[in-house]
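Chain IDs A, B, C and D follow the sequence of writing; residue 1 opens each chain.
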Amino acid sequence: MTTAAQQIQGAISIRNVTKIYDPEGVHVVAMQDCSFEIAAGEFVAIVGPSGCGKTTLLNAIAGFDTITSGEIHLDGELISSTRKQIKPDVDRMVVFQNGALFPWKTVMENIIYGPVVQGRVKKSAAAGAAREMLSQVGLNGIEDKYPEELSSGVQRRVEILRALINQPKVVMLDEPFRGLDAVAKTVMHEFLMEVFCAAPRTMFFITHDLDEAIFLGNKVVIMTTRPARLKKIVHVNLPWPREHHMLGSEAYLELKREVLEAVHEEAKKAFEAGEREMA
Amino acid sequence: MSGNNGRGITNRDIFGEVRVEGVTKKYEKEGQCQTVLEECSLHVQRGKLTVLMGPSGCGKTVLINLIAGYEKPTAGRVYIDDTPVTGPGRDRLVVFQETALFPWMTVYSNVTFGCRAQGISRGETKERAELILKKVGLYEFRDKYPTQLSGGMQRRAELARAMINDPKIMILDEPFRGLDAMTRQLMQGFYVGLFEEIGRTNFFVTHEVDEAIFLADRLVIMTFQPGKVKAEIDIDLPRPRDVRMLASARFMEIRGQAIDLLYEEAAKAFSAGSKTAYDLMGALVAQKGACNCLDDKK
Amino acid sequence: MKKISKVVNVKTLRGVVSVVFFVALWQLVVLVKVPYLQNLPYPKEVAVDGIQAAGSKAYWFDWGISLMRIFIGFIAAQLIGIPLGLAMGISRIFKSYTFPVFEILRPIPPIAWIPIAILFWPTRELSIYFLVFIGAFFIIVINVLQGVSNISVSLKWAATSLGARPKDIFWKIMVPGSLPSIVTGMTVGMGVTWNVLIAAEMIAGQGGLGRMTWEAYTNHNIPFIVVGMVSIGVAGYLCSTFIRWLGEKAMPWKRKF
Amino acid sequence: MQRLKEIFTDRQMYRAVLGMLAFVTVWYLLTAVFNLPRFRQIPNPLAVLKEWVSFEPVSGRSLFTGEYYLDIAYSVGRTLIAFSLATVLGVSLGLIMGWNRMFFDFTFPIVEILRPMPPLSWIPLAVLILPGVEIAVIYVTFIAAFFATILNTLLGVFSIDRNYFLAAKCLGSKPKDIFLNVVVPGSLPFIFTGLQIAMGVSWMSLVAGEIISGQRGLGYAIYEGYSLFQYDQVIIYMFTLGILGYISSAGIRAVGRRLMSWEARRRGA
């Protein structure tokens, strides 16, 4: 994957980003002075306590929401700041937490929605590309089904394909495998790794599952509890493609211990803060 | 954790044991007969935490309903301390999936529901409730309604509602389902701490491998339809359990073992045409990687 | 200061603008004599008539009559409908006997009962109560029935495990569990009830807001017709608000913080 | 197994039939046999049925007379016109209101002012102002359906998960695409609930409108039957209205299932 690094785009630079919701009223500081860099073609896993502002960061990068101060650049181009907010663009694709496949469209209609609505290709050409993509990952014969007829695992994969068909620079996934059981998750990891290795691009992957974060990530970014700041970045130097036997290796366990400690500390803080807030 | 609770009662009186012997459960739905459990036998040991795992649709919840007495087996028997189960009873309390707190009662009324239904005096009820609410850290929240609590607090309230009755057996059906991973882990720590302090027979059902291994004394894995026990693994991680164990070599070893067993069942489920399993195998066929790496491990 | 800025925001401003615009449009329509709509009274005429009416005893007497009819018919519908719905929801056998009959009578519009009601009940007043009752009855039964069947089994099981007897299950699980649906049913029923009452008063009534409006019609007093309509609207709105308030009081657990 | 299922459903059927028989019997006993004071006036079920299927009905209206179907045609025609108008206007207004914040802020207060007035309170004004009683009756029927449709459409738009909007945006949709691909299909389930309710109130307002304004149709026929002492006719028309109401809401359900095949398939799965 490093050989292809020259053509790969999608370097993200997050500089001193602060986000305050409802500054005049409740005044919730979701993110404070958060900065870090994501190299082009890197698989970054973001972990942190729930409600800490990971999704806020994702919304800012995707262009769904403005930020209060700071700047976010994509390949040197300003994509989000206080002065100027750039609308979501097709170079950044999002896979949502609870899934956002349109329930009223079939799998095929969902996948080709992006290319057709952008007016890039004809419907038939898009359908051909979609069919090929589906068969590559072994999902033949589901083109005419509605999402809710499929298991959540398949739904997730279709949603990832719907993002990938647009050839984005960055794919952002917000806890995409939440709620799947352990076996289904392993399959999803294989799937994601395969599509990533086939065509590396920047992946911004929010998760709560530490094994998943280390197993898939080039680096694991650990955020603090609210207001979200950068707590620690753990670089994962396991070779690609990742394989399951690595899960037992000493190097892996060492990484896991490091991440676990940092995350657990923040989770406890978040929990206590939450309890205080309720009272 | 042993029977020494200062009341001079033996272990046997406060901790129950469950024996499921050759239980079969069939359902008739739209003219079709579906065997959910077949010749299923299981032993939940006295004072131990037994965790049950299996693919979705393997009849975990049905097994719980049988033990709790909400449903009756088609064949076979369930024994609690050598007495056959005939219906629901106060010696076995169930903590349900999602939550079954009564939304129209405050935390206090929920927790004391059992005491009031059994006609225990007001003073004693109050005393017991205060003790247990303090233990689960909900004393200040006793006058709130369940919807006003966070997910983690709701689960603790439900644990308290069951524990206040001193059941001989606690049955927990995926009690932390729907919580986010972080809260879930904290709840696991909290729950395992309570178990290590009080003991009592616990029967815990989950589909999370990490959760299962982290909590269990003994891990039971079920087969896909019809459900019966496929394997039992003794978890020899030391107690008290600590989150750091999640990163221990022994933990990862057991985890790999469990996932292999579950994978086999998922494959079987696929050939049975299960919707959930379709996606596992669809991927398995296409991705040699997945198969290879499984083979590597064996 | 903060409070004021919360009340006077863009949204309320737009609301005020839209209402002012609506009244202005009304005025304009009459002024430039848009075909048919030119027969409408000016807003001012309606306002004057309304203020005049508010000062007269007869006007408030009509309010009282209508409210009393609603009250009696509606309460009767709840007293009979709620237990019936609960019984149908709890006992499947009872439901399979009664539900079909219920389903045959339900689609008949309540107003179609008017002749039979007049025929059967000895006084007009009683037949109006009956019509109001019919308007609210079917709706409350259907809602209670749905409410009971939506109560999750695990709540019943949990209660049984904790040692609750059937009596406890009924009073502590079934009744509070179906309360949200009861309130929904009452809110919807209140709307239908006013509709039925107005028709019944116009057709068969003596006194009441519907009759008042009808008399304005026979006298060709158009401004007063509008006064009647507005009065009916306000009365209906007050009744629905009252039910919602009652619902909030009865279900403190639905309140968020 | 098949047999067990049949027995089960049979038992349901058997109870339903028994329940209805009991209802008719009680009705018969009260009206025809016991000769109770108030019940005496009410026609008994046998007489009603005889009249309904008679070739030479006393009232001139039965299953075998043209008059009967003419009455039905009048009412159905009015309901159809009013209901379609309400659907077209209500759904489109509701969709735009839900989609555009500004439009919503300007129009919703007016809707809220007009909505609490029961549709039937419009009758006197409509009769006086509108050209012709026929249009007044249709207008009253329309008003009833209109508010129910508009409100449910609004609810439908508001119920759409925010993520669908974001996903559509991020896939490169323009506002028009979002409207057609997210707003419209996303609110369909609620729109159809609204249409069901609207159909119910339409029939009710229609009957009242026909009675009060004296236009031909089922409502009028009911009242006419009452004034001419043809009480059998009243009951026949009540049931006819019930049947028509049931058919029309079943029709809406069927159209809804057609348009929302994703919902139907999910339930089937």
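To be clear about the criterion, a residue touches a chain if its C-beta (ideal position, glycine included) is under 8 Å from a C-beta of that chain, and two chains touch if they have at least 3 such contacts.
Since the model is a prediction, treat every value here as computed from it, not as a measurement.
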Fill in the blank from the handout: Label-sorted list of chains bordering both chain A and chain C is B, D
Fill in the blank from the handout: Counting C-beta pairs in contact for A-B and for C-D, the higher total belongs to C-D
Practice task
With chain centres taken as the means of their Cα atoms, state the distance from chain A to chain B in Å.
Solution key: 32
Exercise for the section: Just give me the whole-number Å value for how far the CA centre of chain C lies from that of chain D. Expected result: 18
Exercise for the section: Between chain B and chain D, tell me the centre distance in angstrom, where each centre is the average of that chain's C-alpha atoms. Expected result: 49
Practice task
Any chance you could list the residues of chain D touching two or more other chains?
Solution key: 269
Completion exercise
Among all residues of chain A, those touching at least two other chains are none
Practice task
Would you tell me which residues of chain A are touching chain D in their complex?
Solution key: 62-64, 87-90, 92-94, 96-98, 100, 102-105, 113-114, 117-118, 146-149, 162, 166
Problem - Residues of chain D defined as touching chain A within the complex - result: 161, 163-164, 166-174, 177, 181-182, 185-186, 188, 260-262, 265-266, 269
Problem - chain A contact footprint on chain B (complex, rising order) - result: 55-56, 137, 140-141, 148-150, 152-153, 180-183, 185-186, 207-210, 243-244, 246-249, 252-253, 255-256, 258-259, 262-263, 266, 275-280, 282-287, 289-290, 293-294, 296-297
Exercise for the section: Please name which positions on chain B make contact with chain C in the complex. Expected result: 68, 70, 88-90, 92-94, 96-97, 100, 102-105, 113-114, 117-118, 145-148, 161, 165
Problem - Residues of chain A defined as touching chain B within the complex - result: 49-50, 136-139, 150-151, 153-154, 157, 178, 181-184, 186-187, 190-191, 193-194, 208-211, 241, 243-245, 247-248, 250, 252-253, 256-257, 260-261, 263-264, 267-268, 270-271, 274-275, 278-279
